[in-house]
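Note that chain A is present in both complexes that follow, paired respectively with chain B and with chain C.
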Partner chain A sequence: MIKALRQPLISIQIDRGQQVFGSGEVLAGAFQIDAVDHADVRVVETSVLWFTEGTGDEDMGVHYFERLSVDDVPELNLQERRRFQTVLPNSPLSYEGVSVKICWCVRVRVFLRQGRDFVAERAFQLGNIPLVQAEGMATI
Partner chain B sequence: MNAITSETPNRRLTNPFATRWVRPGAMAYLFPQGRTAAEIVRQFQANDWRSAIVGPHGSGKSTLVATIIPLIEQMGIAVRRISLHDGQRRFPADLLQQCLPISRREVPSDEISNSTPRALLVIDGYEQLTWWSRHRLSACCRRNEWALLVTAHADSGLGKIPVLFRTAASLPTVQHLVDDMLPSHYGLIHADEVAAAFNDHGGNVRETLFALYHLFEQRRNTYGKQRAGESVRL
Partner chain C sequence: MFGKKRGHRHTGSKTLGSAGEILFFALLLFLGSAFFVLLLTRTVIPEWRANHEFVETTAVVLDKRVEERIDRNGNPVFAPRARIRYEQSPDEIWAYDIAGTTFSNVTDAQAQLDLLTVGETYPCWYDPLNPEVAVLVRGYSLWFWMLLLAPVGFMLIGGAGLAYALWYWDKSPEHQAARGQLGRIDLFEEINARAKDFPTIPHDADLINSPGTHLKYRLPSSNSQGWRLFGATVVCIVWNGIVVVFTVLAVRRHFHGAGDWRLDLLVFPFLLMGGFLIYYFVRELLIVTGVGQTFAEISDHPLLPGGTYELYLAQGGHLSLKSIDILLQCTEQAAYRQGTDTRTDRRIVFSRTLFHQDNLEILPGQPLEAHCDLRVPDDAMHSFTADHNQVQWTLAVRAVAEGWPAFERNFPVVVYPPERLTSETDERSTKLESELVV
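Right, the complex of A and B next:
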């Protein structure tokens, strides 16, 4: 019998709903995973990372990483809120250029036993570099 | 990665035409009616694991390769992918040395047939190699029981390597990508602009999507103001 695969619900919260952080500030929050059988989950990875976004090759850096293997922690309750916390670095600061952007986020990735994985992200901003605006906007 | 949800601060909208979303692997190849990735892999096997994917710049060769690689890996075949840059006429000796450690991925032995290769070497931009380099590469693959999948812009220089698939971009395909496959373009890009970008870039899908990236950048701030309830004249 083919079992329909549902997409796990991954919820990420940053404490106090904070969206903008300064260098050296503490980023803390929690995540929760629902709508998936505990037995179907192999690993849950939590990371705080930056990546570039644009038309060129992507670059990325992982600042914080935690891997939870369900085999190592059989009593793991995925529906419980699991906390994460890290002190943010001095750089790279979030940047909203036209050709390239630097984006920070908290990412939770759930690896299932069938080999599939699901990802959720909660973006935040590090630093406060002013927005860059493209020329020729609103020329429709 | 199978699915991604992104919750971003109000300040920014993800540009759906960024490399992150449109690179091979992030976006699946759109097969013509009646063709599937599984069928392409079966044909590759029938070709004795030596084949070429041929098509012009930006027609989806790399995207097709990225789409079929997971199926090949599921057969227990380790995959090593090498992209040759413009003007790279020789296959560097150290690159072949780097390839040597590749071996079959761990799968139950009863799932592996005798004809399954130990590994697959994927060469992007094969036509750039000299005749001698191509000859060395073929010999190396035979000696090590590696499958060989190459991409090229034309048939010339492929020698005895059979063509597995010819990629060709069409405007309906690009429209479909923009409308249905990308996460959201917020209604900021119109069908006639997709057509114009496609024509301007001579049918190169990659360049078309990057042109749309820049168009999206021009309009994203306007969209942000609209969402915030400000009066913006488009």
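Right, the complex of A and C next:
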């Protein structure tokens, strides 16, 4: 029998709806997974990370990582609302340059038993670097 | 309030992809190992045994002949063979060497047999485990040993690929990145302690290891000029070396009355390019050797946004400068793959003149000395370095001199993010670490 693949609903919330953080501030929040059978969820990974966008190939750095697996703890219900929190680092700060952009986000990745995985992100800003550099822009 | 959204970036079955990768590398490893074992058992070990374990005796050559065989490609090959008799074997046997060496023509094979005379006695080596196996000629087939490199290469690529694929089996990019970061060995604890506090910001240890004579630190130059000259020299010699050969060929044809205008037309653009490369080489040579040294010193380092620093610059040489500028620049550098090439995109996204002077004379022993303030913008992005992307801050000295090509010398500096209350954050960090289950 062919079973239709259901995409999980992944919701991520950052406490107080805060979008901009300073370095050293505490980022706290919660995530929840819905619309999928409890038994279908195998692993859930939560990361707080930065990645680059722009002309160059992507770089990524993971600041906080948590992996919850029912293989390790069978009684775990991965659909429960779960909290995360971390102290944000001094760098790299969010940056929107001309060819280099640095983005921060909370990312939740859900691995299903069928082998597929689904990702959701909640972006936030670390630091307060203005979006565009002010002076004397030139290209070489 | 929760904002519900579907998982928007599903990447298909990673397990299947990883399984394919594992299968591919396992196959490479298996093929390499099988080929290696085959070579080892068929050639390497028998040759080694013939040279080390076979026992020496004497044999009488009773007959000799060149055997014609067909190789794998269907071509005829010729093997020298001699019928011998020796004490340890009850029967007469046909033998020569252990590898069954063949030659592509009869003459070469016959030349080997000509060294043996029927009826004469020669040294011979037999296998003590099987006395009916013997050789008249010992030695190693070097090309066979070289051939071992092929399966070894397969085994290395297959083995490394398999280990990598198994290590990253069922791991997301975030998991891989997290493991990679944790796995780094702290060889230089002090440097890494700072790197832990300020991840992705380049170390400034190389920038502050030289004290200045006027200010705290003398900054090192990025030294790209020397490499440019080296590159220009190599390209100029190689290019013009090839072009000269074709030019001489074309000119000689004209001297012999057999000029080929198509060859002339073909050579001409290459000759022009060669001329440009000579000009570029001379220009770089003049800049490196003719223009005096540039020194830059700074009152403190690393730099902080909003900070003001003293700067001292000295330019030596014997020059008549039309103008000289000291600039604070921020450059974004992004490396990306395009097909099989790796390209780098560099953009100056911020440039501020710190010092400017027109029409001045620099005499030997009397360098230009300039003092100015360097103010880092309040909202400056900090220096950033990752595998493919960088944000670099530099002090650039640009000069236009009479009779000299314009030149630029760069002095990298590192800008840190704005300061914060470290102790307060560290307390919070320690508290959180005890709360978190990671």
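Everything that follows uses one rule, which is that the second predicted complex is superposed on the first by the 131 of 140 C-alpha atoms of A that agree within 3 Å, B and C clash if a C-alpha of one lies under 4 Å from a C-alpha of the other, contacts with A are read in each partner's own complex, and residues count from 1 in each chain.
The rule we apply is simple: contacts are C-beta pairs under 8 Å (C-beta built on N, C-alpha and C of every residue); 3 or more make two chains touch, one makes a residue touch a chain.
This one's a predicted model, so the numbers in the text were calculated from it and none came from an experiment.
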- Query: Thinking of the overlay built on chain A, is A:Gly22 touched by chain B (first), by chain C (second), by both, or by neither?
  - Reply: second
- Who touches more of chain A, chain B or chain C? C
- Message: On the A-aligned overlay, A:Val98 touches which partner chain: chain B = first, chain C = second, or both, or neither?
- Response: both
- Item | First, second, both or neither for A:Gly56, with chain B first and chain C second | both
- Task: Considering only touches as defined above, state whether A:Arg116 meets chain B (first), chain C (second), both or neither.
- Result: both
- Task: Identify the partner contact of A:Gln125: answer first if only chain B is touched, second if only chain C is, both if each is, neither if none is.
- Result: first
- Query: Which parts of chain A are in contact with chain B and also with chain C?
  - Reply: 7, 10, 54-58, 98, 116-121, 133-140
- chain B residues within the chain A interface of the complex: 1-12, 14-15, 17-20, 23, 210, 213-214, 217-222, 232-234
- Note on the structure: The residues of chain A that touch chain B in their complex are 7, 10, 12, 19-20, 51, 53-58, 96, 98, 101, 103, 105, 116-125, 131, 133-140
- Task: Show which residues of chain C lie in contact with chain A when the two form their complex.
- Result: 1-16, 170, 172-175, 177-178, 181, 197-201, 330-337, 345-352, 377, 379-382, 384, 386-391, 416-417, 420-422, 424-425, 428-429, 432, 435-438
- Item | Contacting residues of chain A [partner chain C, same complex] | 7-11, 13, 17, 22-24, 26, 32, 34, 45, 47, 49, 52, 54-67, 85-87, 89-93, 95, 97-100, 102, 107, 109-111, 114-121, 127-130, 133-140
